[in-house]
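As structure tokens, here come the structures.
Two complexes follow with subunit A in common, the first pairing it with subunit B and the second with subunit C.
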Partner chain A sequence: MTIEVERAPREAPRRRYVGSRQKKLKGDLFVRGKARYVADIELPGMLHAAVLRSPHAHAHVKSVDVSRALEISDVVAAVSGEDARELTGPVPHFIDPAVFGGKTAEVRCLAVEKVVYAGQPVAAVVAASRNDAEAALDAIAVEYEPLEVGLEPAAGTQGGTLLYEGWEDNTIIHIPFVEGDVEAAFAEAEHTLEDEVRIQRYTTAPIETRGYVADWDTSAESLTFYGACQNPHPLRWVLSHALGLPEGKIRIVAPHVGGGFGLKMHGHPEEALVCMLSRMLERPVRWIEDRRETFLIGGREQTHTFKVAFDDEGRITGLRNNIVANVGALGAPPGWGMAFLTALSFPTGYRIPNQDVQVSIVATNKGPWNASRGYGKEATNLVMERIVDLVAQKLRMAPAEVRRRNFINKDEFPYKTNAGLNIDSGDYHGALDKALAMMGYDDLRAEQERLRAEGRYLGIGLAFELTPEGGDIPGTLVAGFDTTTVKMDPQGKVTVLTGVTTPGGGNETGIAQIVADEVGVSLEDVTVIQGDTGLCPYGFGNYSGRSMLVGGGSAALAARDIREKLAKVAAAMLETEPENLEFGEGVISRRDNPDASLPTETVAYSVLTLAFATAAMVEPTLESTRVYKPDNITHIPDEKGRIQPYPSYSSAVHLAVVEVDAETGVVDLKRFGVVHDCGTIINPTFVEGQMQGAVAMGVGAALSEELIYDDEGNLLTDRFKTYLMPRAGDLPSFEMEHQVTPSPFTLLGAKGAGEAGVGGSQAAVANAVNDALAPLGVTLRQMPLSPPNVLRAIREAAEKGGVS
Partner chain B sequence: METKSIVAVRTTINGREHSAEVDSRLLLVEAIRDVFGLKGTHIGCLTGDCGACTVVVDGKIAKSCLMLAASADGREIQTVEGLARDGKLHQIQQSFWDEYGFQCGYCLPGMMFSAKELLETDPRPDEAAIRHALQGNLCRCTGYQKIVQAVSTAADRMSGGTNEEREDDHRDDTPTR
Partner chain C sequence: MITRTLEYLVPGSTGEAVEMLTPSAGEAKLLAGGTWVVPDMTHGRVRPARVIDLRRAGLSEIREEDGHVVVGATATYSEIVASSLLREKVGLLPIAAAKITGGAQVRNFATAGGSACYAIPSSDAPAWLVALGAKMRLLGASGEREVAAEDFFRGAFRTAARPDEMLTGMAIPTPPAGARFAYHKLKFGESGWPIATAACVLGLDEEGRCRSASLALGAVAETPLRVEVGAVLEGSPVTREVAQEVEEIAHRAVAEPWTDVLADGEYRKSVAGVVAKRVLLAAANGG
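This part shows the complex of A and B:
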């Protein structure tokens, strides 16, 4: 396959669909209740699995006896970790820390000898129904020898309770991002400040849990795996390794997925487990996660201790930031890497010449992390925006002004950050002005003044957000490119098979819009197929806001090949040159004589039926498979050893208005606005939908969502009654405007949308709550800003004597 | 665990009579999905918190994970599959599609039933009333904004027009993509 590197956006086709508000393709399936999710799959002879989980956060597993479970009628199989070890290999890491010089640990689908978190799978039962399987778990006898439990990384960094054999401490990896002369910056600084932000453990919690159905074909000795998963092809690689089965013998199918947000990136023990059970029993086996199991998987829990050097004008000259991330037990999913990217993404969109950012990623006896929307970059935004507001507070300057003075200017792009990221483009000053105007900032401040006089605590919080998107991590199957096949049939209808998948957004519709424009057919004539390794070209699925960027980009390239071929044949048929042709919706016509036209169908039919005559000049296939690989990613280290793993960087400015009840600690989000810049917009409705969902998630992270463990390492918040996600009545309607600065480096000018919003809204809300309580001398350091944490901060400030 | 008991259930779902002998432990949502084969009703939590399993039981919305299948005996149930009539989408379905009132679609059936009940009691709800009515249904994709818009659009469509047009809340025009 040839890889053509193209700079964007060149001779654009007449855009009918790109940029317009099209409805979700096949939306009627969803509103009619006919969209099929993994839990809806019924196969003949299908059995149901349930998983026995460790009640201990750290223990030796002395013995597992499944014999009594096997005696129960309707139970077909019961397996221990020892049994599973005979039948499967380790689950390869999505991103192995060893690739970056860190420590690694073997992960198996069922624990062998030792458990390192409460909830770790130790045995499984397969029965005629899920209820039967779950009931039989009680009959499995496991003897544990409990070990000392380490839930906080502080001890672990020094040694403490060791989780894994052969490790000298629990630190998986320590990574520094140091640039400039930090010592000098602090020595010469006119002002310095130091503070802390502690980010709680929270998670993704899509409404559909994970679930898998494995179907072993005994005659073909092959496996079909249906899963709520985000990355079918890379998952096939994992299962191939774990099961010792060639990739060609495994087909992965992702049906409609009920929300992903990173949770459904793979490496979960149950994936290999159900495959193993199906192969063992020669029958389809299904496992559907329950809600309590979903909450075992965390994402984020880290402390940022920082020092800032700045001058009288509010210019930040130096930043020290020590990050300690509690990633729980090391799982095979890509969770731990989030903290790596938190550190890599400093100092977002600000010019800070001297920085010393260090991240320690530490294993503890909590549940493992998986990827979570924002992938650590949301934490960078929260912490940077707290830093900027603290600088503003110390200098008694307007927060907007401090941002203006530190932003990268729009004429400085591409701009290389301290960590080597090469930010493609943007206009941060422009977005800030737009946001302030949209929300009526000056009026809000006047209102705040008025309410303060009445003893009410209104707060206004501003936050800038930079989201590196479309990343490629070298040496892993986290790729910054993707592949699409576009085919046209003899009736002129188009089928698109793409390597990017949808976790439930609208990327299939966006891709269809791109292809319809490029090939010149109506949107109704494009069918998009995703998530099936048996049908789609090799691809990497969805993460890092990549689906429009590289899925859309590769679809555009493949569609252009089809268009080119149609143009040659149509030119012959219309007795003109290809350049003189115009592609409409299903019609190809001469530019100089629009009456001379042909239905696209006629031309497509001719390619295949007049291959030895009119269409002899083209290879008679209307099918093209193309890769889109942005050309500004580079893995060749620069003189400082830095790589540039992201092609594009979306940006946003958020503004939150809250009122805090200082008696109860309850925060009321009164207004929220965002100006978002994701470059070229393929479909504004979907971009808005992504941003609104991400903002809601960030508001939840800011105010209420938290995974809380007891001292023994048991998760206490294991249901929606205790893990508090925003409900409809908790949120206002978000005000939103777009700013469009197309990326000069991506084919379509798109920058990726979907992750942005989580960190920005979290930061804006955090800044607003701090702003509201400033008259009480309160600085909030512990997230979330839940009533207990707010009240504690108010009390502590009062004890210290109020305003400092 | 060997004390499984079986109960007989006879119920009307979307106008059709169903009867089955079911495990007495079975929840209504499990019976709807696995015994009666209507997969449009989803399971999100089984603790009554997320609302993905919301259906209509005897004219009132109910979270079907909080009812045993046995308790549906003799009752009339409507699920998402019964919202459209003769292939025509209900205005609420059409509005959720038109306004992008869902992304992954998992919470959608429950959302539509909560919306429908609201509009039956309050045909012109304001934003606060809509948000209040959706409090029992979690969505993780949309931030609720386009859901609220969808309900508002459905309200406009259902309360506009003449009485004859109002008689049926189903769309006559063929849905387009």
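This part shows the complex of A and C:
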């Protein structure tokens, strides 16, 4: 099967906006406090919900008695899991492990019979105010029979504390990615090493927590759901299943969203819960998440135990890696799949012919994962970059040189990886050289020597990063294409309705830039509407760095249809051929005679008003809806059964400079630089903004962010005082340069630019801290590199006698 | 969300405040800046029946009083930073208050007196007060009394104040002219609480020999710890060797280190000596 892909147009429009630094459209709303978030929505008669959560990480729920809560005067409703089971069905999984041959479990909005993590919803109260609702939670009596708690995958796999009935162990799925002759590679290797990287549980923490308002319309028997969510249409599908309502009876609206990062992908129990309560009470019901509740959702807890085979020249010939991911309880959001992607993405942008990478994805009694920016691929980059540095250290070779010798060369693209990924394009050697020059690498090494003589520990860390973006997972509503409608009104103004949504980053501005160039109007004349299933074409929202790729791509295609139609009519009006027309900003003129021109408005008006005369040759509508499917995705398995789910592979080289206080273990990040390649850049300001946020997230992951549980499975880090996200004052100004190697497979040459940065920056910082402490013989294996972890490693190295 | 219906009172004087406090002692919470009380109420960790807001009780003054500077119980960190009297007489407080976690919004609300009364092990103010030898002025129905800061802090979240008593001010003996101050704080990132702090007041003679020295550690144990440095320091210049000795004394002084989710006791004990050494050297070198 082949897919016809639209290539670049015969004649590309003059690019006025694409590639330029435009400000965020309507950006003033945010600084003026006029943006409307879910928590700003007030509907007549609206009630407020609060959720009672299990204090036990693993327990049978013997009984739930809500009767005392119902006696409280301001309480309108109180429901148990049993009640909810009568009113809703299970919440379908975003990505069901069963699709891949794994184990699955039913997820309900309120627990029935059993809880599998502390914080799992067991009952809900609806009251006139949020205070009343929360206060009434105390009046609900729940009888639990606690069960043995398993917080570590090792304990879980022994089968002593099975989370789900019918499972023989707690492993959701085990996936191998094996290629080449690994046995031989290790048998013949000139050198081998083995080590471990343990990645802590951490998460994303958008400043706006989740929140939902459900508004049941009794007369129309339909539901409007306002939610801080990333994927309105797929969420509609989920709610339709859970509530037993046709999709046509549900409208999802995502108002302004204050950060997503994957956390606002759906499958959360409260989504269906709030809808159920609104339908039950025939009144609008609102639920706004507490920060403590946000932190219940985790991500990214993995241990990698690896062996590496390499030669005297630093060429890596073989890799074995055993990955165990602790994904917590199995929730309906797409979190567990991240660990799948971690394994799939090895060995990033390096040529390693023989690999045996296996991942075990294991359920435990911690909170469920949701998607977290990087979607597992950040872990691959961290571990791969630690591996390369360990090889360099063992051979006493420059880390940059080992990278150069193992990188895929720029003339080898497209390049098929061991797991079957088809990397589109890149120039990794070029990006590395650029990063070293930008940061003055040789001077940094000289400075390091000087400070080491003074007993100070400066560290320099390099990291390459490859980020597959724009993915499509077959058999799920994770799609690698999207749809956009472009409409021009008789005044020549443009409205764009797109299936991609924004978590607040600014893709609407990029899409408007593309459309403005394609139809020849000014940026101010383009309005972008997104995040409303009642208005927008069926689309998939934001994830996987896809919004410019497919939202931008489909907008360009639809805009070209409009342009083509305008050209035909304008050509008739200007007595020439369409090919002889130049599209300016709101004006269409003859190339051979620029004085012969018409305002775009006049042409647009003519399409609709002279439909039986001048414009008779075109269908009189200035609307087009188009889908853009990028090339390079292949779901037909190859001869080895591998699929290729990602169209684009952005890359980056990061460099971190740290100083470690060896007496306290405190790491001071002194400089940070990154060279990023996401192909064609639509708006450098937004690409840089995405990268800055991702680097801040990666630095937090490297140094301080951690979700810590007590032995009973209660989350201890439930606020920003204990879950330490970096603040501006903790970070240096990031130095940044672009490299542009356009993708040959995407319409505009763009690659994803939303996910890259987390793993690369985390790896660069980890390599820098290890580099700083190399004179002390320290190798850090436990993330994050918090002062207690660093100081412990220093002490352990000293006890072992320092440098080996 | 604060779920308990409560009585909110704003007394106009200390006398009125005591009257409001007396009958409801144990069920009432005093509110100064509210940067601890309000989050604790929001999270349901405390559920007072009555909240007495001291903002109009006339306790925010910072004034001189025979050989002391008295910092009112509700003086905010911003007021402490801005006080020319403190800068002139008790330089440690403005230096240390400027380093409070949370930025301008917190400094404009939060108070050193409130922090002392909450007695959170990992907070800043307790160690300053101990290093400065402050006297905590308590007022209750049975009258006023003074308790030395060292005796005021009884344990984690426990003070010598009785349930019917309120703090009115902290009387700080004016250090000798020319005294040097330093405050060293170890914390993990801008948003985190202190992990180990040290406050130091040093009197040096013309030759740079130590005449008097006071050093207190904070956040490393349930209560602030005074480190007995007199014997090592007095009469001696502050050299690296002396600082090394102080490091060891401070390390030994931490018998039962404080543990919280950010740092366990083992870590706190390992860095206690380091912060003591650093604060001493900083004070000797002029803060």
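One rule holds for everything that comes next: the second predicted complex is superposed on the first by the 797 of 804 C-alpha atoms of A that agree within 3 Å, B and C clash if a C-alpha of one lies under 4 Å from a C-alpha of the other, contacts with A are read in each partner's own complex, and residues count from 1 in each chain.
Note that in this section a residue touches a chain if its C-beta (ideal position, glycine included) is under 8 Å from a C-beta of that chain, and two chains touch if they have at least 3 such contacts.
Please read all numbers here as calculations on a predicted model, not as lab measurements.
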item: Partner chain in contact with A:Pro787 - subunit B first, subunit C second, else both or neither; value: second
item: Subunit A: partner with more touched residues, subunit B or subunit C; value: B
item: Touched partner set for A:Leu523, first subunit B, second subunit C, both or neither; value: first
item: Partner chain(s) touched by A:Lys721 [first = subunit B, second = subunit C, both, neither]; value: both
item: First, second, both or neither for A:Asn131, with subunit B first and subunit C second; value: both
item: Touched partner set for A:Ile708, first subunit B, second subunit C, both or neither; value: second
item: First, second, both or neither for A:Gly729, with subunit B first and subunit C second; value: both
item: Touching both subunit B and subunit C, residues of subunit A; value: 131, 135, 138, 290, 720-721, 725-727, 729
item: Subunit C to subunit A touching residues, read off their complex; value: 1-4, 43, 186, 188-193, 195, 261-264, 266-267, 270-271, 274
item: Complex contact set, residues of subunit A against subunit C; value: 130-131, 134-135, 138, 290, 292, 663-666, 703-704, 708, 716-717, 720-722, 724-727, 729-730, 786-788, 791-792, 795
item: Residue ranges of subunit A in contact with subunit B within the complex; value: 23-28, 30-37, 39-40, 72-73, 129, 131-132, 135-136, 138-139, 204-209, 256-259, 261, 288, 290-291, 503-506, 523-524, 685-686, 688-689, 692-697, 719-721, 725-729, 731, 733-734
item: Contacting residues of subunit B [partner subunit A, same complex]; value: 1-2, 23, 25-26, 33, 38-47, 49-50, 52, 79-81, 83-84, 89, 93-94, 96-98, 100, 102-109, 112, 127-128, 130-132, 134-135, 137-148, 175-177
